[in-house]
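In the two assemblies presented below, chain A is common to both, partnered first by chain B and then by chain C.
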Partner chain A sequence: MHGRRRQTTQEPTVDEREQNKQRVEKYCALNGLVMNNRAQKVFSKDALETTKRLLDLNTELHTVWNYRREIFTHLDDWQDEEKRQEMLETELAFLLEIIMKNIKSYWMWNHRIWALQSLPRPGWERELGLVAKLLSVDARNFHGWDYRRFVVKQLKKNVDVDGQLEVDAREFAFTTEQINKDCANHAAWHNRSKLFPAVLNMAKNEPERQGLFKKEFDMILNAIYTDPDDQNAWLYYDWLLGIQENGEEKRKLLRDKVATIRELLELEEDSKWPMIELVGALIALEQQNPGSVTSDEKKECLDILSRLKEVDTYHIGRYKDMSKTMSQQWGGIC
Partner chain B sequence: MSDEATTDEEKGIFGGLFVNKHVEYIKSLDKRHDEIEYWMTEHLRISGIYWGLVALHLLGRENELDRDKIIKYVKSCQNTDGGFGGHTGHDSHLLYTMSAIQILVMYNVLDQINGDKIIAFVKSLQDESGEVSGDCWGEKDTRFAFISVAILSFFHAVDQFNMDGVIEYVRRSMNYDGGFGSQPGGESHSAQVYTCLAALAIAGRLDIVDRDRLSGWLAERQLKSGGLNGRPQKLEDACYSWWVLSSLKILGRVHWVDRQRLCAFILSAQDTEDGGIADRPGDIADVYHTCFGICGLSLAGFDKYPLDEIDPVYCMPVRIAERAGLRSWMNNVPKTWK
Partner chain C sequence: MSDHLDNEHFDTLIVGTGATESIIANELSAAGHKVLHIDRNSYYGGPNACFSLSGFLTWTLTRDFRQVPQLDLHIGNGLFAIDKPGPIESLTAQLMTYHKEGDLSTAQETLDGLLANDRAYMVEPVPKLVLCRGNMIDLLVDQGVGDFMRFRGVDHNYLVTRQGLERVPESKEDIFASTSLTLVEKRKLMRLMTTLGANLEKPEGSFSQLLAQQFKLTGKLHDTVLYAVARQTGYELSAQEGCDRVYKYVNSIGRYGRMAYLCAQYGGGSEIAQSFCRLCAVTGGTYILDEKLECIEPNEDGFKVSLRRGTAQVSRIVMDPGYYSPNSAALDSVVSRAVCILDNPVLGTDTTCVLTFLDEGSVVSLLYVTSATMAVPEGQALMYAWTEGTIASTKPLLQRAVGVVAQQANVVLSVFFEVRELTAPATDGIFYTSQPDTSVDFESTYDAAQQVLSMINKPDTRI
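Entry: the complex of A and B
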């Protein structure tokens, strides 16, 4: 039970009590009827209708969803392609209605997938449009994004390699769109990290590749300057640096990151994420190329960790551990 | 004794934890037949009992429920395929099979049911690639990877499973933030992180985890209120006290969050009139949040009441996990993590 407010305790009126009693009786009677039909293995259109009425009241009854699927496959109409298409289209419309009421129900999404996979002519493109609409209402919805990835997988099954790349490129553009709307969208950044390698593979030559990376870094910088204390762009930044090949270019990128963070810290010296990331970037540099981090910078890292303990008192334990590890690894200077 | 003379402790309140109220709340759950919620939640009754029983164990009050009645009920939920439904007559699903077995383990009566049938049921849900479904309808999720491995471990039968396949499935679900999604490609979510870490702990493959990155991401789930959320930019919720802290416990990093502030948040989500804990202060309490709120207090080291210690992999008291021979996962934790 998430997010339902507690009311101040008030004795229900006689009317309310009676209403509640009737509601309970009605629900139990319907539930009893459906479960009884199930036990008797009744696979009729009437039985199908009763499951719909019950699921409309309670979407969480996975046994009833299972039963509903069993009834469908036992109906004579199921064997007729046209009739099956029609039945399942109606089912999808019903599902859409109740998904909008309770977006978080796993069982409904499962049932939707089943319905689509059972359709003689599934409309995956239409599903993609539907998810986009859903994500425009709730841009972070877990089920929405999972379902989107599922739909994309189906779309890719039906096309050749070029078509698949096109789908990936379109999905990548979708994450750009989402991040431009809200650069703190964790779901969009995450999905971007899954798609960028495919986009990168499409580059025809090295300059094009470099251009793609440049675009990513610009996007990250834009997000970081918008809100330096949002962790999403930083995570993506780390990941993007992590997939670079070790060498001079990677060291330069890490140095760029250090310079960017110093700029940010000049604007706001107690900004938590830039501080954490500065330490992280210097650790990465030293790992890459031992000796490339100066002893002043190493001291700076320890100073930052001390300051972080004051700026962010929730994570003192973490900063203490980091200081300890750093002192052990960089022993001489500390 | 007059009312004024009654101390908090006599009322069953310890350092702000309303112990007696929570016990009474959990005991009342099976009697609320006039409430529509009672009937609407019937399909997961067996999980409700599990959550209530864990909470009561941690509070040291497990004897307050009718043991024999519960055991009989749990047995009635087993189907011919070997799995358990959420209620008598409901279809088998790993989620409810897990709750059923956890209850039987807590009551020390696992030997009263046919383990071979359960093992067969679990094995039937793994595909050739190692991925695991929740039931015969085929929904795949890393939650089910954990549950299947955990159930088999209750019967000391993990060697009958394609463990390499499961580990690979979990590994493919790992993301750049160190966390895990519901499937390969899925976004990290701290409840999913718990299930994946617990699966790897039992499998002895925690070495594939990016400990520092994941610990950092999990620690950042703590918000100003002291409560924890499941993903960035989401609201805090008492149940993440369990999902996040159990994960940090496995990683040896519980001290990376502010435990006192977390305890204060959990206590603030209590219903101090009717008992129980809600997702957030002022919301309606339920047994799920009551269980995971109290689990969170136990992991966070709440010391105003002698809460029983909870095992972060199996979500049942350590003493019971020990009795059932389920603590060997601890030997699998990489040495540098200790």
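Entry: the complex of A and C
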């Protein structure tokens, strides 16, 4: 999980070694049995039970998950809708138990998706609640966020256009909540960028659209001023500027960005992100409207780049290269 | 075991079961001292004690009048000036005899109504909190006292002015989500929290200057850090002191939750005192309540002390200065306190808050407690307020402070009193502790105990 130290393990004692040896033997025996069954194409309920015991010990055996799915589809009960519903609901409960042992297992998530897609009556709302709980434990787990996007997509399939917009709005509010809890939550910002265009389309007129944009910029500024060194807000800011279609709007927003960063730099003199973003904004302005950036500002960019070489030595090569390119393009301002 | 002391020998006599004295008692007993610990009251806790409502009102009649000469009891619009001791039978009737102005019969009715729920109140004349990271909490955990006590986190810290209340942001989340801080203020506050959270090296000047010059804080933000976080009250904090306090505060946040302070249930001071007395008794300490120290005679082995229940020979004495008889109450060290029952939990029904009221150069510390810490019945709230100065000069200020916070809620009962610091001259073999100060947490109590313990353990101290 993010931000938590790993536990260092200690040398096992003699007793522990003996116990481990026995555990390994049991495991190998079980593994052998399951693989044998599979090779012989055994699709009985007993075989199903043995795979369950094995997967409980080791969730990462994707071959065994595949085999388990095969057994399910070969059982007689599979053909009966009610019985299938029951079987798969039990399967989901089983998965819920073991997913807590290893939240980051691809195979378990895949199996869960398979179970939900095979269910006659899947409970997508319930799944949403489940993911919300998971994200409250580990807010940046991308398995959780990916799964959430998948569930949302399924939910939207079953409703009309209005219903879909409602789902999007709700998801958008969810990202707001997550960002308020931790403005450095990259996954939440990313999800927000996926939802914002849909939210924008819900606006009925231009002032409403402008209002939505303003709220986004306010949120970003909050994040930037709270922690200027965290790149999430800066990336989202760039993305928001990138989706501007109106050239005039974009130019104004870039100028706003420059002013904001200049204010921030008065408080945070040698902070990498504001500095490089200021240079980026001025470059973007010049590209869009050649001649709109003054020669003083161009000099400022080169000054910043040389300061950056000392502040952020890891990327010294990049800054040197940028300085060279800028000097050539903007001609004789050094 | 006889209930009479027959010149029994003890290493140390400790007089008063306040929190400071109780910490000392436990430490000495654990180190091998044979301890005799007495208190003139029938309850533990001394100045840190906690009472039911009737107990608290009884205290107003039986308190040490040298230390607390003036006490005003307000019930509704009735005022009762309890300026001399009185008998404690028929409590309500007795209190009514101090009537000075206002409606007497309504007051009597209100009081009877409140007393119907008597045991649901836990009132402390001197309430204090525990910092989540500090010496006191470490001591409580280390000594296993944590097993005997229950705490709630202090949910909010407010800065209060005549214009109203503003929450003090306590974490990056709070700062991000705050709607009252400007962007620039957010940045400055974050920088301050991260810098002081890591401790500055040898800062100079006053803390207020440091905030203005190095962190460029002005106006409300400056006041928030100086008064609501570093908690400057009477004297001007040095830069080092201020930084240490902010460091402690910032590092307390997150240890047990999103708060910097813990508030004990059933009265922190009382629970701490009782817990340490219990530990001391377990390691052999002898306890006598309702005991009077009648006479102390120095001799070559220490002191012969005469109590109501007999005499004892002790090598040294640790004493709450309130017990020193020919005491003169110092007027330069006076604290005025208010205890107010509100009929409506305005800041939340299950909430605990610490507040600071700033008004024309004066600073009032406040605590807001509810049934969350078992202080009042559900549906009510209890507010404590205190500041330096005599009641004559500060009562309107205290009333204003409570009024701004209470807003629409009514103060059904309030008690205003001033506490004068009692001191005693230095005497060989007698170690005086000090009385609770105006700080909002128990760190000073811990320090006071350690000071006495280090003096006792000095090699040249008479054994």
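A few remarks follow.
We adopt the following convention: the second predicted complex is superposed on the first by the 317 of 334 C-alpha atoms of A that agree within 3 Å, B and C clash if a C-alpha of one lies under 4 Å from a C-alpha of the other, contacts with A are read in each partner's own complex, and residues count from 1 in each chain.
Note that in this section a residue touches a chain if its C-beta (ideal position, glycine included) is under 8 Å from a C-beta of that chain, and two chains touch if they have at least 3 such contacts.
None of these values were measured; they are calculated from a predicted model.
On the superposed chain A, the two partners chain B and chain C both fit, without a clash. Applying the stated contact rule after C-alpha superposition, one finds that A:Cys28 touches chain B and leaves chain C untouched. Once chain A of one complex is fitted onto chain A of the other, the partner contacts of A:His190 are limited to chain B, with no touch recorded for chain C.
Shared-chain residue A:Asn110: touches chain B; no touch with chain C.
Looking at the shared chain after the overlay, A:Leu264 reaches chain C, while chain B stays out of its contact range.
Residue by residue along chain A, chain B and chain C are tallied for touches, and B comes out ahead.
In the superposed model, A:Phe142 makes contact with chain B only, not with chain C. Figure legend note: chain B and chain C, brought together by superposition on chain A, show a least Cα distance of 15 Å. The contact surfaces that chain B and chain C form on chain A in the two complexes do not overlap at any residue. Note for the complex: chain A touches chain C at residues 180-183, 221-223, 225-228, 263-264, 267-268. For chain A in complex with chain B, the touching residues are 1-6, 9, 20-21, 23-24, 27-28, 31, 35, 38-39, 57-58, 60-63, 66, 69, 106, 110, 114, 140, 142, 145-146, 149, 184-187, 190-191, 193-194, 230-232, 235-236, 238-239, 242, 313-318, 321. Contact residues on chain C toward chain A in their complex (touch as defined above): 172-173, 175-177, 183-184, 186-188, 190-191, 216. Those residues of chain B lying in contact with chain A across their complex are 33-37, 39-40, 42-44, 85-86, 89-91, 93, 135, 137, 139, 175-177, 182-183, 185-189, 215-217, 219-220, 222, 231-235, 237, 253, 255-258, 261, 271, 273-274, 278-280, 282-286, 288-289.
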